[in-house]
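Some structures are shown below for you to check.
After this come two complexes, each holding chain A, first together with chain B and then together with chain C.
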Partner chain A sequence: MGVLQYVAKRVGLYFAVLFIGLTITFLLPRLMPANPIDGYIGQIQARASGALTADDIVQLRANLEQLYGLKGDLFSQYVSYLERVVLHFDFGPSFTYYPQPVSQMIFNALPWTLGLLLIATLVAWLLGNMVGLVAGYFHTKKAATILEVVGILLYPIPYYILAISVILLLAYIFPIFPLSPTFPVGQMTPQKFGMVIYNSLLPALTLVLAGFGWNILSMKALAVATTEEPYVTYARLKGASNWTRMVRYVFRNAMLPQVTALALSLGTVFNGALLTEMLFSYPGVGLIMRTAASGGDYNVLYGAIAISIIAVATAGLVIDLIYPLLDPRIRHK
Partner chain B sequence: MTTESSSAAGAAAIPAAPAAKRRDSLLWLLNARLAIGLSLITIFIVGSIVLPFFAPADPSLQATYLKNMPMSWEHLLGTNAIGQDIFWFLVFAIRNSLILGVLVGVGVTIISTAVGLSAGYIGGNYERVVMLVVDSFITIPLLPILIILGAVIRGNSSFLTVGAIIVVFGWAWGARTIRSMALSLREREFINMARFSGASTFAIITREIFPYVSAYMVVGFINTILFAVNTEATLAVIGLSKVEVPTLGSIIFWALNYNALFTGNYPWLVAPIVASILLFLGLFLTSTGFNAAFANKRGVA
Partner chain C sequence: MIKLNDLKISYRIGNRVIEAVNGVTLTIPDGSIVGIAGESGCGKSTLMKAIYGDIQSPMSLSGGSIEYGMKGADGRAVTTETIRREWFKSISYIPQSSMNSLNPVIRIRDQFTDFPGTDSNKKRVLERARAYIGKLGLPAEAMDSYPHQLSGGMRQRVMIALATFFQPELIIADEPTTALDVVVQKEILLLLMEVQELMGNTILVVSHDMGVHYQVTHKMLIMYAGRVVEYGDTESVFADPQHAYTKMLIDSLPTIGDDSMRGVLASMAGAGGDRAYRVEPELIEVKPGHFMARPSVGVAA
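What follows is the complex of A and B.
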């Protein structure tokens, strides 16, 4: 399998993921018994204290169906949905903040999410793999077991528990960070920027802790196996130092499955980021989704999901396309 | 069954590794993992089967007791701001979360085994299509989809609907693992032997491959319980599951909603956190401990 074939296969998977993801987001809510338009009309009816006549409701329904792309049979809805999403990136207006377009709301929030996510994932990956490498390379030493225990204790703990424990510890019992952080809007000044960083530290810490455990465990297992390889023994007999063997011989090889695993786990990591944003009121896509979900703002939800799928799939594609640079076996085959 | 196979694995592996001390210490670690994990889980399971019979009242009813009572012998963890006994609410929460986890685990294990085995063994275009779907399901972030479903069906959903949705999105990881096991098994001698003896594809999958995969299914099953409990709790914490049903997530949802920290009602928030961590740790240790013990025994990771 040459590089070209590898890339072609990967890009094919990318489009398949996008297609399947968008189809699921389109279909599932339509298969559910509840109809968002009924809910919305119910809200308006309640606000007008029952003053709407039957005629009004029929007209209102037709208007809303037009507005939110629910007109026609399932297939034509689907075609127009794909056309709007893929070609125009148009998710219609928001219910709650009518007539602000959904795409604009999401694009405002996306940099927040991506910034937090990228930094936290990178730090968790690097730190976790370093600790795992040390634990695996020195796996004959007692002290290395302690490092692994850290991983075992951290890994199974879900995001929401980590987030709440971090708040409990670092904002309540030891009030180092604010309990309800505020994120300044508008033009960035150095002072505001500092505040943003300070307030983002807790959500970032949660994400790092969550990613940390898995990386330790998985890297440790890989490093143990790699350390036993004959070429590492050869390097030792040749006189290469511990550091050289650990970094250039063991890490260089054990890292590869970890890169693939990172690409595969992006969906989970993204879930965690959304949840963390909700619990910390961090102004990213997650917070938008939560507000939209509790306000029944379906267009915003659709938009956020579509963007999430696109973002995660694209990030996975980028990682997989970088992969041949790290693995010469794919380049030279 | 699990304890038996782990001790058998220990017995089988010790003579195979004469060189030693390190191996011994590792084996000891494996058994310790499994032992700790199993004992934690046993406590939780026995507790959630036995204790509900002694419950003085339905813990999900509000205003059964006075609000915000401190810990005492009568109310082991005190009462919360809506007049429920926190200890009994927690007992029912663990029970419901575990029931959901086991149901989802059964569903996911059946689907992922069927898909993974057939894809790995049959191969060809069938495998390609199936793996494309599997990889897509793995890549697609689950939480946003659950959030929109939660928002659409809120109010009309039953607790089991949430479980069904988790099954629909939870089978892909297991299918991927089982497929790769089936792939490596397909090349083994005894499979060829069976094929040349005239066994049908179905018979080979069920009689020859399945026994090897079954131990992984136990591991996958436990991991799925972890995943399901975790996912439901995540949805509940942000208020999108059936929060009236006590679960490990809904208890935290109510505690956060009533600002348990500011009112100084620590047990309301800390107790479910500690319980969740112990439960997740127990499940995780059991699954990795069992996995390692099994890998030693059969030589299939």
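What follows is the complex of A and C.
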């Protein structure tokens, strides 16, 4: 299989996944027994203390259906939905923050979530793999087992317990970081940027610690298995240095499954966002999702779901396109 | 000239000690191909590892010594302690599993330069290696390939190229062709012979195939239970084996020049070749002087 074919196949798959994801996001609310428009009308009526006439309500319903793309039969709704979403990334207005468009809310929040979670995931991956590699490569040495213990201790701790412990320790007992972080709004200045970094360190630390343990344990196991490979033994008998053997022989081979694991964990970045952003009142997509879910803001919810589907699929695509560069056996099939 | 003086190598597992090489004394003349044979577990690989200087836990040198008859960079005689410095300089190793002995994610050319070797100028090494692999029947592109792009035979040629292009004095090959098909096996061994004729290095080659030994070696070493059973010029060992165990090994060889290997093997099995090995356990407990009885049991069966 040529490189072009591989890329074409992978990109095709990417679009297929996006298409299916967006279709499900379209169908999901329409399969729900409760009609969101009835809910909205009810809320509006409650605010107006029942002052709306029947005519007003019909008018309002028509307006809302128009606004939320609920006019016409299912198929024409679907076509106009795809058109809006694919061409303009338009999910309509938010109900709670009417008339702010959903896409704008999401785009404002997205850099926060991606910035925090992507960096934390990558750092946890890099650190975890480095520690795991050393622990695995020197697994016969006593000192190396200490490194593994770090992973064994960290790995089973549930994220929220870890996060709360870190907050207690580093914001309360030793107030190094702010207890309730504040994030500046508006135009970025270098000073504001510094503030963002400082306030993001604590959530980032919890995320790194949470991802770190698994990466250590997994890399350690892979590295131990790889050191037993005949090519590593042969490298030793050639007189290759420990560094060469550890990095070019053990790591280069043991990292391959870890890259796949990275793709999977990047895919679940938005799961992490929900909890982290709630705990640290971090203004990302997770916080928006939570607010939308509790306020019945459907458009925002579907917009956020769509963006996470796109992000997960894109992460997978990027890793799949990078992978052949790391494994010649895939590249030269 | 390499001299082994009452060499003893043991493995320690828990508090149990296995004497895998149990007092081997012999002299290997320079420029000869020495074949090593003997049943599985008799200590061939252990002896090879010891000579190569790859002695690490749980293996240890429990007695005797090895004289390499070589001088290191510091001008002093190479010993078991300093032989590591000579790895892929004046002593090299051809592993059994050519299939998995090359790093799958790194190009062949980079595996020619990722160890200290004799020359620190990587560019010059590569130029020389590129020219050299051509002589070993490999296409020049092999240098730029990844291992999976080469056939098993080509990979084993690469291993031979790696082990010989810097002209070592001693090459150790522990079953270098076991993973290959018969035709390729022969090619590879003939290649090894050619290289040796050109460079005049000493080669120690372990094989279970007595036919191979007959074809390529100058001297034969027959081992049993960690000891030397017989050692001498290949011609005379095959023509006039002294020890019953050697006789048994040579008898198991299909008549030289006979292509119907399959038929011979079948008749061997029919003649009770299997049953002879089944009485083995009781005999392994017997002290070295007693094992002469073993082949007579095999022959009787």
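Structure notes:
In this section, the second predicted complex is superposed on the first by the 320 of 333 C-alpha atoms of A that agree within 3 Å, B and C clash if a C-alpha of one lies under 4 Å from a C-alpha of the other, contacts with A are read in each partner's own complex, and residues count from 1 in each chain.
Throughout what follows, a contact is a pair of C-beta atoms (placed from the backbone, for glycine too) under 8 Å apart; a residue touches a chain by one contact, two chains touch by 3 or more.
Just so you know, these numbers come straight off a predicted model, no measurement behind them.
Taken together through their common chain A, the two structures put chain B and chain C side by side without a clash. If you stand at the C-alpha centre of chain A, chain B and chain C are 70 degrees apart, rounded to the nearest 10.
Legend: residue contacts after superposition of the two complexes on their common chain; A:328 is shown touching chain C, with no touch to chain B.
Touch criterion met: A:20 reaches chain B, while chain C stays clear of it. Look at A:218: by the touch rule set out above, it reaches neither chain B nor chain C. Of the two partners chain B and chain C, it is B that touches the larger number of chain A residues.
Looking at the shared chain after the overlay, A:129 reaches neither chain B nor chain C. When the shared chain is aligned, chain B comes close enough to touch A:28, but chain C does not. Shortest separation of chain B and chain C in the overlay equals 6 Å (C-alpha atoms, whole Å).
Shared interface residues of chain A (contacting chain B in one complex, chain C in the other): none. Considering their complex, residues 13, 16-17, 20-21, 24-25, 28-29, 32-34, 36, 140, 145, 152-153, 155-161, 164-165, 168, 172, 264, 266-268, 270-271, 274-275, 278-279, 289-290, 292-294, 296, 298, 301-302, 304-305, 308-309, 312-313, 316 of chain A touch chain B.
By the touch rule above, chain B contacts chain A in their complex via residues 22, 29, 33, 132-133, 135-145, 147-153, 155-156, 226, 230, 233-234, 237-240, 249, 252, 256, 261, 269-270, 273, 276-277, 280-281, 283-285, 288.
Contact residues of chain A toward chain C in the complex are 229-231, 233-235, 237-241, 244, 248-249, 252-253, 256, 326-329, 332.
Against chain A, the residues of chain C that register as touching in their complex are 52, 54, 84, 87-89, 93, 95, 97, 100-106, 114-117, 146, 148-149, 162.
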